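Below is one structure; the comments refer to it alone.
Order as written gives the chain letters A, B, C and D; numbering starts at 1 within each chain.
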Amino acid sequence: MRETTIIKFTKPRLKNPILVEGLPGVGHVGKLVAEHMIEELGAKKVMEIYSPHFPPQVIVESDGTTRLVRNELYAYKSKGKQDLLILIGDHQSTSNEGHYELCGLFLDIAEEYNVKRIYALGGYGVGQLVDTETVLGAANNIQLVKELKKNGVEFRPNEPGGGIVGASGLVLGLGAMRGLDAACLMGVTSGYLVDPKSAQSVLKVLCKILEIEVDMQALEERASEMEKIVAKLKEMEEGKTPAASDEDLRYIG
Amino acid sequence: MRETTIIKFTKPRLKNPILVEGLPGVGHVGKLVAEHMIEELGAKKVMEIYSPHFPPQVIVESDGTTRLVRNELYAYKSKGKQDLLILIGDHQSTSNEGHYELCGLFLDIAEEYNVKRIYALGGYGVGQLVDTETVLGAANNIQLVKELKKNGVEFRPNEPGGGIVGASGLVLGLGAMRGLDAACLMGVTSGYLVDPKSAQSVLKVLCKILEIEVDMQALEERASEMEKIVAKLKEMEEGKTPAASDEDLRYIG
Amino acid sequence: MRETTIIKFTKPRLKNPILVEGLPGVGHVGKLVAEHMIEELGAKKVMEIYSPHFPPQVIVESDGTTRLVRNELYAYKSKGKQDLLILIGDHQSTSNEGHYELCGLFLDIAEEYNVKRIYALGGYGVGQLVDTETVLGAANNIQLVKELKKNGVEFRPNEPGGGIVGASGLVLGLGAMRGLDAACLMGVTSGYLVDPKSAQSVLKVLCKILEIEVDMQALEERASEMEKIVAKLKEMEEGKTPAASDEDLRYIG
Amino acid sequence: MRETTIIKFTKPRLKNPILVEGLPGVGHVGKLVAEHMIEELGAKKVMEIYSPHFPPQVIVESDGTTRLVRNELYAYKSKGKQDLLILIGDHQSTSNEGHYELCGLFLDIAEEYNVKRIYALGGYGVGQLVDTETVLGAANNIQLVKELKKNGVEFRPNEPGGGIVGASGLVLGLGAMRGLDAACLMGVTSGYLVDPKSAQSVLKVLCKILEIEVDMQALEERASEMEKIVAKLKEMEEGKTPAASDEDLRYIG
């Protein structure tokens, strides 16, 4: 395989579709939200994307079968005024050039489906354990910034200071060049651990923006499970308990 | 040389050929098994594969002559119901994109020979010296998983946790996309040393699956030689003996 | 986006244009000078250059909007005998091959505008805090070396010892192959911090060479602000004061 | 510049030319020998090779002028039975793929000049300061191994253990695929320092093989200068003298 390859499953007709991008990144916040939405909304798989820019790797499933790492696009036909396309995946590109190629491809697909707006989901790592519901935003036009502020998204001048790197960044940057409105919603998180609590915060904001409802039960359970692990880690740091067994720790990564 | 280049030696007619992949990897387990099989079965060289994705390197042979690093395909015509193609090599691709290209090429060759099943051999590094005959499996379809379980291959949910990386992984992943059955047999090993003992375990399982017999004498000798080195290393760790001389250590890598 | 992409804004007619390159590098000296010149001279944007060789990243502006990282070309129509083209940017290429491609492109543009001379601006890191106005030079022909010496540029045999790496180097090297005169002006700097003082020194020399005047107020202010930070850092090193707060430090990078 | 580019100066008619490759490598042994030969024999420049696989860098000469890093081919018309082509350069390729491309190009040139034999020069780093005239060999056919042994070149089974990496290795490896005889002559050296003494040993052997005479005065001077530095370094290690000043040390690299 020398070129990025798409396998199509369906070609749904969608009304005013919004693209939600939730590829893995800081705290896996975006990925948790997007996967949760696909699950809860019962979205249908539209296509799989395979690429030599991904790592040369297969995932081993619980039944011992394998599948090549990939990105996937799902569609959700809502009863409201707009449908959803949701992009998830195992990995982002491993090379800079690959990032540009793949995000260009994502936008080709967005244009094909006549997507008018994109929400790129991610985490904003602050380098220490935090307990906040803050969702930081950035958008590729000022109108969208204003709209997001009304929905409780926080904007801080020139933050993140290092810009937004990877697929979420490029979707905004390359999107602007094509006239596609795109915003990034970043849940504030430590950056050290998978953070389902921050994912909840992002999902709440996104639901408000999209005027949809998504059951949060599963995310809440993962969040409270994670809280226990964090509590244990803190205790360990303070020397109160012996190191957690391997079994405990394997839930973290 | 800008492109991967194949030099063909013969084009044997093979009945129901099985492809065995034994490129270098964790503990060199797969490579040891595949090289041993070629030696013992007297398999004939079918082709050499050279590629700019391999390191820019020649190997120096015992007589002072050199040869460019490469992958090689051998064929074994059995008296049983199926013949073998065996893929070995000095290196795997040094880049991700090269991995995808080369594994695509391996599968092209498999299809050309009408291969219906592929066994990718490797090691599963557990990070500590182990003494086990366990062979872990993964396969690109559930039917094959069941079949392997019957032959003593162990399956653990979602293990290896990091998936399978490199040629063995891609052969399964890209193979599935072409409808080629492929399984990975991983000998459990420390991951620190070349492990002929783990290679023996993998070879035993593979022989059972393929219903062939391969003399294990040579591998056993290498294994017992290796055990002496490991024993010496353990003693050294415990401070009982002075450090091994350079001469001893050169057998390890 | 698989290829470097140019978005053109205007195509000014320029008389005897000089190209000034100020992409980011050691101490951000070249970038500070070039950005300052664009600001003070009121130069107009000619084009934006986007490339998969840049990092996959957007910058977040103070109003929360984003823009893809890029290089930009500005033009300044002077009342004197020669106009200016000024090249700035957020990043240089992240790969060697990308450097060669992009610098080739810069020279294509220079030739298109009939540029006869190029000044590549940069810093020369000496590895310790220095207080000097020295501007080191290098040029792609001996005539230009002589000319620069007359303007106070210092030349030291075989310095910088490691040659000149990146866009500034390639503009000289590839420029020579096309018969384009090009010189590099390097402000001596620590290499640890953004250095507006060294930028002032480079700007002074450049103004003398180009026979133009540029108000230095803004650079002076940044320089004196930076001096306070450096003083604070020195105190910290000597253990006189507690570590600067995060707020202070964010001005440095 | 997206592609490797050749600038031709002359196209000499050569009788039975031998190609000597002396690109930079371990201890710069090969480079020292080849540059010395060009100097002493008064060889003429045939071509310059520029490539995006080299670093994006210019060298600053003693007069302040710059030149792009490159490889160069020189020709020496002898009075004996065979002429010489000598390949030198500032750098080797920075990427694996680039190594394969460039060495392919070197061999294209060798074939164009009807070269029948190639000597790749290099160093063999042993990781400690050594005082030996040993020249280790490797060749891409057994006949050549025998010939070299007669000329005092030492062959050790499977050494270098890591094979030969880079241009010297590929010239042998890719050369074999084209039916070009090629040998590598490696001066035994520490691998830490530029080693003109080891270069002398290699040059002696090469002169014997080629049946030519080359004045060694300049190399001897560099060698004795280097010996003084090494003596000083040893003293420093033993704590006898204060650290050498920067001025002393700049001669080493």
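The rule we apply is simple: a residue touches a chain if its C-beta (ideal position, glycine included) is under 8 Å from a C-beta of that chain, and two chains touch if they have at least 3 such contacts.
Everything numeric here is computed off the predicted structure, so don't read it as measured data.
Counting hops only between chains that touch, subunit B reaches subunit C in a minimum of 2. Compared with subunit D, the chain whose C-alpha mean position is the greatest distance off is A.
Different-residue interface: subunit A and subunit B share under half of the residue numbers found at their contact. Between subunit C and subunit D the CA-based rotation angle works out to 90°, given as a multiple of 5.
Computed from the mean C-alpha positions, the centre of subunit A lies at a distance of 37 Å from the centre of subunit C. Computed from the mean C-alpha positions, the centre of subunit A lies at a distance of 52 Å from the centre of subunit D. Chain contacts here close into one cycle, and each chain has exactly two touching partners. Taken together, the subunit B residues at the contact with subunit A in this complex read 93, 96-97, 99-101, 103-104, 137-142, 145, 155, 157-167, 169-170, 172-174, 176-177, 184. Note for the complex: subunit C touches subunit A at residues 1-2, 5, 7, 50, 52-69, 94-95, 250.
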